[in-house]
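Quick heads-up: structures coming right below.
First subunit A sits with subunit B, and in the next complex the same chain sits with subunit C.
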Partner chain A sequence: MTNNKRFGIIFYALFVLLPIYWLINMSFKSNEEILGTFSLWPQQFTLANYQVIFTDPSWYNGYLNSVYYVVLNSIITLVVALPAAYAFSRYKFIGDKHLFFWLLSNRMAPPAVFLLPFFQLYSSVGLFDTHIAVALAHCLFSVPLAVWILEGFMSAVPREIDETAYIDGYSFPHFFIRIFLPLISSGIGVTVFFSFMFSWVELLLARTLTSVDAKPIAAIMTRTIGASGVDWGVLAAAGVLTIIPGILVIYFVRNHVAKGFALGRV
Partner chain B sequence: MNKVQNNKAWFLVLPVFLLVAFSAIVPLMTVVNYSVQDIFDQNNAYFVGVEWYKEILNDPRLQDSLARQFMFSFTVLLIEVPLGIAVALMMPTRGWTASLTLIVLALPLLIPWNVVGTIWQIFARGDIGLLGYVINALGIDYNYTNNPIDAWATVLLMDVWHWTSLIALLCYSGLRAIPDAYYQAARIDRASSWSIFKFIQLPKLKGVLIIGILLRFMDSFMIYTEPFVLTGGGPGNSTTFLSQTLTKMAIGQFDIGPAAAFSIIYFLIVLLVSWLFFTTITHLDKDKTKEQSYD
Partner chain C sequence: MSLVLENVYRKVEGVNHLHNINLEFKPGSFNVLLGRTLAGKTSLMRTIAGLDKVDSGKVFMDSEDVTLTSVQKRNISMVYQQFINYPNMTVFENIASPLKLSGTPAAEIRKRVQETAEMLHIESFLSRHPLELSGGQQQRTAMARALVKDASIILFDEPLVNLDYKLREELRQELRELFKLRNSIAIYATTEPNEALALGGTTSLLHQGQLLQSGPAIEQYHQPVNLHAADLYSEPPINLLKGHIKDAELSIENYASFPVATTFDGIEEGPYTFGIRPSHISLVPKHDSDIELSTVVDVAEISASETFLHVANQDLQMVLQLSGVHDYRTNTPVKIYIPPEKLFIFEPDGTIIKAPNAQLAGEF
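== the complex of A and B ==
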């Protein structure tokens, strides 16, 4: 039984890793080699594809733009979602349930629906082609999820802790920052993970709301498809580089992931 | 938990409310506004009522892509949910292998969606991709760019690769929350591994599975980037799903009125199916607890 399990999980892991390996493999080949010979690993190992990306500002600025709006999105999400999640987990107030479901229903809106109005809205307030526009647009999806996750983690903290702190003379902000936040630190980690994840992987809105200054790396990658065909090597190298931030994030939160995917509710 | 009634809590929720209202209500109202008007330019707009809705509901573009969309979403759920549960059951529970499996499984979730498309575009090509090369070498004629069935299979395989991990990780965290005492009791009763799964693990997984199925349904129903990069919706229109039909209409052809009506219908379908699923599940649950209380 356990041997079967081990065999099964190794098989599945291979299924996950093989396409990624193929991308890495191609990123170290020259275009002639990619199109000319079929080989399981690079015959003439080259870093030329990566060199193209690291020496051309329009390429590496794409990465900086993406990182910039993703970080911005995570910060905004956390700042607005923390007090809201606290309110939902501790108080009853007029319309609380309706508000909660309305927030979640935004997660169900297809981005394609919001494409055109977003474009017009952000153009009319002068935010088009800025990092903050993309960060705000992504908040539509990350904030509801963040409130949901944080509410789960906060509800697991007993009320008595709040009350004891007030009796001891703590003010609300003092209590919230010094005592409460450390108690739900793993929840905060997981929230950051999720807002990072959804903002980093999204392309449709990010591409629509930017043109030059804030263009994300994912949109710049389409440049490799030119008149003379596709520049496979550079495309693969750019793809490999977009995977690295994800690996870093998952590495830092790996101990919270099991708990975090249960959204604090199990 | 007993909560305190306090309407001042609204002040804590206000920032979220304003932020989401700015990026949700304003655009949504714009879409509703477009969907009932015929707009020539900024000064010439006429109220046309439900005209666009009638037109779009009879439009074969919507009907065809809606049918494809439902087929895609249900196939994806049928494959990913059982496979995800199976993977979660196989995952090691402690030691370095557990961390390693977690990281490997989470990898596809953190890759930008267009890169997912690119990875499979390369991987499945007959000339330079491992998968396409191997399948062709086995003597099966496979080409996802001009055979609709191959294209469908590739898109499905890509989605399974991309998202099964989400179900697996959700179930994995659900399984970790089952106390050891349950398994000990089962061992004393000499329960088979099938009945352990059916009577202990599956019921405990229900909460995370509801979240997982809802997320997967919603996201697969909104899929755009991956098939757009992989197949471009083709060959023909065989892998053009709802989002792509909509963007083509709104951005490509500037049919703003019909596109807006399309958007509203699209959003309503997602809401309706999610709501139906959710209420059915919670209702079944209520009936079951009622039955048990009669016993």
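== the complex of A and C ==
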């Protein structure tokens, strides 16, 4: 690598990571230090901000709520999208191409469009302020994308493998789990990544469809802004904790995602 | 186990994939399906396997109607043209998979996988994954999986097409040997007449979903039932000349007329299509009765140790198969000689009137 390229990459990394560093930096400072002085690292290192979050149930429940509906969303998405993608990739039926495109067109509308209908519907059937309500609402966006991603991976597996399995004596469910799923594991990794990430960062639907019991962390973070000003330290600590699940997901699916982006038509 | 197909029809989007197929496969027989691409070979195999449904007609195994029986219950195995293995399993697991599913004890599985692998010379790769093997080894793995279970019908859908020439010859030889010991019906699809002739057994000719004829390959080579059947056994394709027989003369449209040879006795006057195999045309006259045509060279195509010489005369195009490697410049005038006793004579609709008499010519 030439020196110029190396310099470019270092510069880019700095550029991208500086705000994140600043967030972490802030989360270990007191509000006085954040507002009063300019320091590149915490002068009086403190864990008080984190302590607030981990001891106050209304704070940590926000994380649990978010993780709960996000995981729920990923599971529902996979369970629904796997058979749908299989059908699109293996069978011909009337209107299959239109239906396939229509799925994606769901994503063309901004989530705000669905806000009012969802709110009204969930209120009337008693789903308001439940985790499943948010998970289902997010499925409207994650399922179409998941079907598209998985269909690409499934179509890359030759149909003859299915048939060979039947000839060998596999029943359909046995074949699907034992042979087929391992072959598209990269696609499943990418799908989980996308549905997890979408649901984790989506704020509008999650905030509107919940009030107390299923309130997501992003909504709770707004509590730091009060009449007496902004509690910068706690806000920063909450922000750092919000990044962590994303990092974990990327860590676990990193090989699949890298392979997935190369192979599937995402 | 015997296999019978009765009046099988299958149409997909208006195209006949199978049209009134009646075939019987005897227990322990080796059968070849010969036909060009889209002739219905694969459709026929998929119907036998139960992967495709028939529109009408019946399939019997051991005189039991299996037309609606699912794939899993038919006790067949199949080898595809592509190398189809489970990429996430080792070669051992791949070969063992049909046995495992039928509930064979582990010790027995190990023994049979080992035996089958040795038969196909892949015993040293058992712990590897299929994608780490060469194409030939991958196809051997697929074959081992097909052979390891005691399937009553084994289907080979052009299994050697994607392999190189040497490997193909080798595997074909082995395959034939393997089946001598078995009591299952083997059905082998190919587009290559040479393969059909080399494998022997009962050959069924397919053309556009229809069965043209069924019988020993050599017999079909000499006695094709129609133009398509004759063409299937010609590589390069048979030369076809339009013409007619009239007033004791055989004329090839717009090009030449010749007195009818005595071998044509009993053929009525009228329009016909004359066929001549590329290997029967020569560049030197062998007999006084040979039909002489003046042509110019289009291109000389060299294939192994043979030369396919494409010649033309206005819109008449022919190809000659010459032994040895020859170099001909384009537009060189050449005279070609067609021995009339080697002519196939077809009705305009393709039905055969006369095939050259192989015994008389002393060769084929």
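The working rule: the second predicted complex is superposed on the first by the 260 of 266 C-alpha atoms of A that agree within 3 Å, B and C clash if a C-alpha of one lies under 4 Å from a C-alpha of the other, contacts with A are read in each partner's own complex, and residues count from 1 in each chain.
One rule holds in what follows: a residue touches a chain if its C-beta (ideal position, glycine included) is under 8 Å from a C-beta of that chain, and two chains touch if they have at least 3 such contacts.
Nothing here was measured: the structure is a model prediction, and the numbers come from that model.
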Q. For the three-chain model obtained by superposing on subunit A, do subunit B and subunit C clash or fit?
A. fit
Q. When the two structures are overlaid on chain A, which partner does A:Leu235 contact: first (subunit B), second (subunit C), both, or neither?
A. first
Q: In the overlay, answer first, second, both or neither for which of subunit B and subunit C A:Ile24 touches.
A: neither
Q: For A:Ala109, select first, second, both or neither according to whether it touches subunit B, subunit C, the two together, or no partner.
A: first
Q) Does the superposition put A:Val71 against subunit B (first), subunit C (second), both, or neither? A) neither
Q) When both complexes are superposed, which of subunit B and subunit C contacts more residues belonging to subunit A? A) B
Q | After superposition on chain A, the shortest CA separation from subunit B to subunit C (Å) | A | 9
Q: Could you pull out which residues of subunit A sit against subunit B in one structure and against subunit C in the other?
A: none
Q: Sort out for me which residues of subunit A touch subunit B in the complex.
A: 1, 5-6, 8-9, 12-13, 15-20, 22-23, 26, 34-35, 38, 40, 76, 79-81, 83-84, 86-94, 96, 99, 103, 105-118, 120-121, 136-137, 139-140, 143-144, 147, 155, 159, 197, 200-204, 217-218, 221-222, 232, 235-236, 239, 242-243, 245-247, 249-251, 254-255, 257-263, 265-266
Q.
Give the list of subunit C residues in touch with subunit A in this complex.
A. 49, 51, 70-72, 76-78, 80, 82, 84, 86-88, 97-98, 101-102, 142, 145, 149
**Q.** Residues of subunit A that touch subunit C when the two form their complex
**A.** 158, 160-161, 163-171, 179, 182-183
(Q) Going by the contact rule set out above, which residues of subunit B touch subunit A in the complex? (A) 1, 3-10, 12-13, 15-17, 19-20, 22-24, 26-28, 30-31, 34, 86-87, 89-92, 99, 101-115, 118-120, 122-123, 127-131, 133, 161, 165, 169-170, 172-174, 176-177, 193, 204, 207-208, 211, 218, 221-222, 224-225, 242-244, 246-247, 250-251, 256, 259-260, 263-264, 266-267, 270-271, 274
